[in-house]
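Down below is the structure, laid out as structure tokens.
Note that the chains are named A, B, C and D in the order they appear, and that numbering of residues resets to 1 at the start of each chain.
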């Protein structure tokens, strides 16, 4: 069953059209990777799903109902969360306050959830009261994901979580993403690096704002042309 | 391996920001006509090291020697005049100026930069401008941006901005170029072309390169030696093979899954 | 000298209170609001409107306790605050919101705020004229402490207490409440705030509302301390800017400290030079501090 | 005839303002320096030229007018001295403020301009304090009868405008201007390209300030009377910002156009307000202009963020 469906999305900024009709089908409980060169429109696609950018054509269906044009502040309530690539923490707020902001739309008690997140990313625990701006790159990324998890989302949109991290930390982040997925969270993962393929169940490749290829991670990895064009092989 | 005198040497360089030890006693040498790689996680102090070398910051301690001359404390524009040219992690371009103007700005000591000469010696200024324009045009042709020469630099794509950056370093007539993550935001295929161009700068124009990179395949491919930084300190230094098999580097940086 | 120090603390408290609203808006929207001073003037004059009205109606004319002002002034705080809050929110909706939508830079907003400042001051001139006005024309009682040889006005105790109380309330609001934290989050990273489900436009209404509240209080207090005239806020703006810059962008405690430093320095300077140089003193201190600490006393920023 | 005279004196002021706009355009339009202290350079220029060209008061007048000196020099010397004095002040201002961020620069210059005004107001020994100086000499005044003097002065200011316009254009379209624009776009990048950013910013500030000093001198000799009240921020600084923003930042032709449009609105509004507003309200009528210039500035900024004429794509000439 698909939890999130994109049908022929056209969107962009002002007069500049970035996506010229992209369709995705994201199945419940899977990790889907979205690959493609820089400037292909991957980030714009995430922003369009999340309502930061409004599509000029096409539909975003979440559990079958059209959510295109819903403003981003209402998305977290629906169960979709988004972790941008850059600027994904509040630097002068403490770690704990960052998580609290993730729970902004929750009206019930979120303290228990915060403890769960500290268990999930134990290295954050002793930095609770530090300003997020003082954290190292890896910890920032964990905090950013932690913030998004505060509302128990069903779908998590991640924009290049591995950027700028040491390879050893990249492994760790991917391992945590897999663990999340085991808990039932559907993940849409934008990446440039081929490593994302090994973490994903299925992948889409977009270029120039259009679908180029799709298939299981295995199929794409073994496709020579795709390896040469998009994975730098 | 050490065939000649180092062109650039860092001796126990330190830089603290408040309580944070951004660069904590780093020493290394860069030898001419090589591509030296500088790798490490975000926050390891690589970019700060660049900023110290090029004079964007002053080191709190230690010495930076360029061709045997102490250059710490010089400002960014002064190190440029010594022959050091740097690029930035996030492409910086002069957005509301054309691609051609971006390059024509670069040559040092243009006589037209003196306001009085623009009024009273227009002929000299004009001849120099034509010379610089022709040089800029030929560089644009060689990096494949000639068709965009009158476009605002801000309108270029990520990859094109990296090419403009490369053109800028060629225009500078520098002896040593410091690239800060030239591959960031460039897709793997374009990255290969970029690597080849950097390689050819070194081989054909006797330029020395110090390069910060995150993409292992790029760094391992073109850099030798490679310096690994972690938490403001130098962790290891050696050929790509030595670094890739260094147990400490494997543990804190590369991790088990990498070759 | 001690007397000048006390005057300095009084002036510093007023400057501190006035600059908290300014630094709040600067921190959250990146806008350096040049109309802040004239909004303070508007706040002071809105209270005057009601004080005059009460006097005409012959109500609330009694003087409050040991102070110089009437009950009417105290009551007039409420409508003045309301007017100031509404005005602040309307200015944001009509001027700064379109600029935000157009993606304009903070410098553009700064220039637009100059336009707002002139429009406001012109309106006040047209309605009330260029003359001085007073809330109450009666005596201004003073306290003389003979043993240490200083005297000050009873009103000044009121002014200092209300200023510090207002700043403390705002500080607690920002550090303890959910809404306050969301405002700080918005100051830190507007896009991420939106992504976290914070309705940024609604939060900006809150921000301008709080600024409007602080503006009205500082306007009326300033009016009690001195007198009302159309340029009062504009002249006051200079030390406010200096205090905010001294304190560092968006720092509430910084603005208060900056205000006190300036107030004391300005009053102390009158021992050495003509009082009309006070604004210049504020600037020289500001520039000197900026050369040593470019982000202000408490300013900090992370990449 | 009255209307023509009105137009000529309007044109003289619009031309003088065009000169200020060119000075601001060098600083803000091409270099990105936020100078909110134009009024300060305006005042320095006006007073310097006045002190250089006037004679020391003698006789009974000396009891009422105090000034530090009066050299009785020719008009042109006064103008040159004004440019130099304004330039020197700008070097001092620049040394203090150029290393600060752009927003700080704006507020620092605003404060410095206020301080300059307070200084002239307070220090009566220098230029007669709040009363200011009257009876400034007017060049070529005996060429025509007094009621036609504006015609002569219009020619003089137009010549100044033309020379300054050509000089600024030459500079901006050469590598010098390219460096300035590079600094405006990205200071760090310009620095990484080997340009001494502080030095070039200083040049831009000084060139702009000298032009403003000349504008101040031309104003002083035209009105023949100056007092500190003239150099308040509205008349001395913000109206000039409105002109440049309306006309088009980074475009000298646009800036001049903006100066003429805004000054037309400004001077016609006085005339209109005087006609429309009842006499009982006359003392408050001038303040309608405050509102007018304020609202105009907001509308311009919100509706035309780039002004009537934007910057050209290709500025450098080669």
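Everything that follows uses one rule, which is that contacts are C-beta pairs under 8 Å (C-beta built on N, C-alpha and C of every residue); 3 or more make two chains touch, one makes a residue touch a chain.
What you are looking at is a predicted structure, and each value in this text was computed from that prediction instead of being measured.
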- Steps needed, at minimum, to go from subunit A to subunit C via contacts: 1
- Item | Chain whose mean Cα position lies farthest from subunit A | D
- Item | Between the pairs B-D and A-B, the one where more C-beta pairs touch | B-D
- Message: Distance between subunit B and subunit D based on Cα centroids, please, to the nearest Å.
- Response: 44
- Item | Euclidean distance of C-alpha centroids - subunit C vs subunit D, Å | 31
- Centre-to-centre distance between subunit D and subunit A (centres being mean Cα positions), rounded to whole Å: 54
- What residues in subunit D touch two or more of the other chains? none
- Task: Would you please write down the residue numbers of subunit B that are in contact with two or more other chains?
- Result: none
- Query: Which of line, ring, star, complete or other matches the graph of chains that touch?
  - Reply: ring
- Item | Interchain pairs in contact, sorted by label | A-B, A-C, B-D, C-D
- Item | Interface residues, subunit B side, partner subunit D - complex | 54, 56, 75-77, 80-81, 85-86, 88, 92-98, 101, 104-106, 108, 110-115, 118-119, 122, 125-126, 128-130, 132-133, 150, 152, 168, 172
- Listed in rising order, subunit B residues that touch subunit A in their complex are 20, 40-43, 157-159, 185-192, 214, 216-217, 251-258
- Task: Show which residues of subunit C lie in contact with subunit A when the two form their complex.
- Result: 178, 181-182, 184-185, 187-189, 191-200, 300-303
- Task: Note which residues of subunit C are touching subunit D in the complex, please.
- Result: 32, 95, 98-99, 102, 104, 106-108, 110-112, 114-123, 125-126, 129-130, 238, 241-242, 245, 274, 276-277, 279-280, 282-283, 286-287, 290-291, 294
- Item | Residue ranges of subunit A in contact with subunit B within the complex | 36-39, 134, 136-138, 164-171, 192, 194, 228-233
